[in-house]
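Lettered A, B, C and D in written order, each chain numbered from 1.
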């Protein structure tokens, strides 16, 4: 495969993961393997468990049964080590309303034990197209700008595994292009990207593999099949 | 698998606890109410002791088991242990309320007041409030794991706080009302010791039995809900 | 379910029996009669008489002499002679006490061999009723629920023993 | 060390936010002011009664202020799901607790320092020679209150009906703080020698040490349930 030039180790390895909330089983025996430098797109109807799967890999939920590995480390036992390698862009913006864009970035990165220089922050902000707003309080940011800010953080953190929940949501057309550009930057650097999405068009440009999660089970397909299919679910 | 094994064990052993507790309580009640002699100072009223003290002791036992189960849950994260925590909290609240009520009834003829700010009473009242808070917290949390973890944390904090509360109230009492109400120790005659011991062990064992039954009950309710949910889920899907 | 209900009936019978024995003991050893009733009786021993020590009637025991006082209730009074020692200082004017002893109708005097505090069986009964009755209901409800739940789970179709681990 | 830098970052973030919007401190302050006002109407204010009830008034006012302030301290973290970010951080969670605790402690102390002169003013207290013990008492009591309050705030902020649950959980368990603080303040205000009420301060110190350590350890489970 063309993306496996870096290493044979799986970035994400989930084997027979199940998860139930109260009396509702969301995931049932889901297994998935994602390699380093690979972009894996997850499709599925609402409530199929895409976000839940992502959050299990991001160590936010514990699976009811089954196990998973991130970069070869056990996701239940080596949580701290796993967390060193991952970053999740989820529904929340992780921002503090009364701190400026730059201060928010300084806090989010600084608390991980690394203080980026002003230049590095500016470069990342320019790359996602919000360099002009670095002194604006994040209270005044729109949803799309918050999304861009999250990507800027990811660019600075340089995780080994990046999770994108609804990657293209609330982004404009140029934002979608910018997002794809960033995803390519990540995968080239060897980062595995796992994203949930509903937009087949932009996904086809970056994804290497596609999975459809439906009725709490996962079916895999190639990008070509995904584009050709009438309906995914 | 752990849960089924655990529940199977409970089902196997619970009846012995129940039988022994029943026999001890029956004999204890008979000796306490019928054959034992009244106390020198308190007269017949001392018979309340045979129910009040075992209830209070069992409330402490229940709270301690809630604490141990909570630590066990945080360690192993088995949902059946969380059921045991929930069961222990409910029983603890029941026995605390019973202890407070019988203590209050005992207090009227001995201290001539339904309620005094005695350190032991005050600590029990605070324990009661904490347990009510615990059960309220459980009802207000929807996520199963979050509920189990958060309530375990609250139980542990509350248990660690209890001796400090008791100690501080004791100091405060000794400052404000040194003499007017004294908890005069009951001199225990041998024929009073028999029903007292029987009732103490009996109610303690009864609590163990009730804990086993209630843990099963909560687990089974959970299981039934899960099964109905799965049927629902399959019907929809 | 049938075995469950049979077990509870047996339990109720046992504890009802103990309550009955307690009640019997109460009638035999604790229940008191009033001065009016005692005067209507012929001379008997082992009577438990309750009344208030009449003001001005109490004569302190000198050495070798018994206590003498009148017990009254609702206007009726009985003269009491008590030859024991008042170790708990129970004897005070206007205090309601219980005396146990022999009623001598001819002499019109009650010979007390024991004095005691007024028994407060209302408190004891309420303490036991308020704690044991809820305990019984609680236990009954829980056991019945468990028994029902096992039946309901057996009836559900997709039973898998290992769920909910 | 990374551990201390986490504490510093969290406290820095809290203080900067608070400096910018002044939401927490101003609401705490005006709430306490109202409590003082109500109390001054509710009791007859002759000097003897004041000596008797003053410690209670002070600590009821501070206690309710703590409920207002501490209860909201984790709201800022759940608004944009920052709790989730904390959960995925590869840092010791206890450090996050200590950072929040430090921020809350500073807010509480600030409010108390502003309020104290107002108590003196409104109730004509004579406290100049007892200033140091009083400061010590409020410091140790506030440490305990914010240690427990920060923990319960993190616990209840993710719960339905959090406004109700926070005081219901906090108040019974902070009984030792209130007893200790009120008794020590009573001693100080009536001009007793320090040794007459120092055992209450010791009790408060023991409470502080135990609950800072226990909360520090147990906070891991709140973020990583």
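Basically, a contact is a pair of C-beta atoms (placed from the backbone, for glycine too) under 8 Å apart; a residue touches a chain by one contact, two chains touch by 3 or more.
Because the structure is predicted, anything quoted here is derived from the model rather than measured.
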item: Identifier of the chain whose CA centre is least distant from the whole-structure CA centre; value: B
item: Geometric centre distance via CA averages, subunit D-subunit B, whole Å; value: 32
item: Inter-centroid spacing, subunit B versus subunit A (mean Cα positions, whole Å); value: 48
item: For subunit A paired with subunit C, centre-to-centre distance based on mean C-alpha positions, whole Å; value: 75
item: Computed distance of Cα centres, subunit C from subunit B, in Å; value: 28
item: Residue list for subunit C, restricted to those that touch at least two other chains; value: 165
item: Sequence positions of subunit B contacting 2 or more other chains; value: 142-143, 145, 226-228, 230
item: Two or more partner chains touched - positions in subunit A; value: none
item: Pairs of chains, among all present, that meet the touch criterion; value: A-B, A-D, B-C, B-D
item: Complex contact set, residues of subunit B against subunit A; value: 77, 142-145, 225-230, 232-233, 237
item: In the complex with subunit D, residue positions of subunit A that touch it; value: 58-60, 79-81, 83-84, 86-88, 90-99, 103, 107-108, 110-113, 137
item: Subunit B partner contacts - residues on subunit C that touch it in the complex; value: 11, 14-15, 18, 21-22, 25, 30, 88, 116-117, 119-121, 123-124, 126-128, 130-132, 134-135, 138-139, 142-143, 145-146, 149-150, 152-153, 156-159, 161-165
item: Sites on subunit A touched by subunit B in the complex; value: 20-25, 62, 215-216
item: Subunit D contact footprint on subunit B (complex, rising order); value: 74, 126, 129-130, 132-133, 136-137, 140-143, 145-146, 148-150, 152-154, 156-158, 160-161, 164-165, 167-169, 171-172, 175
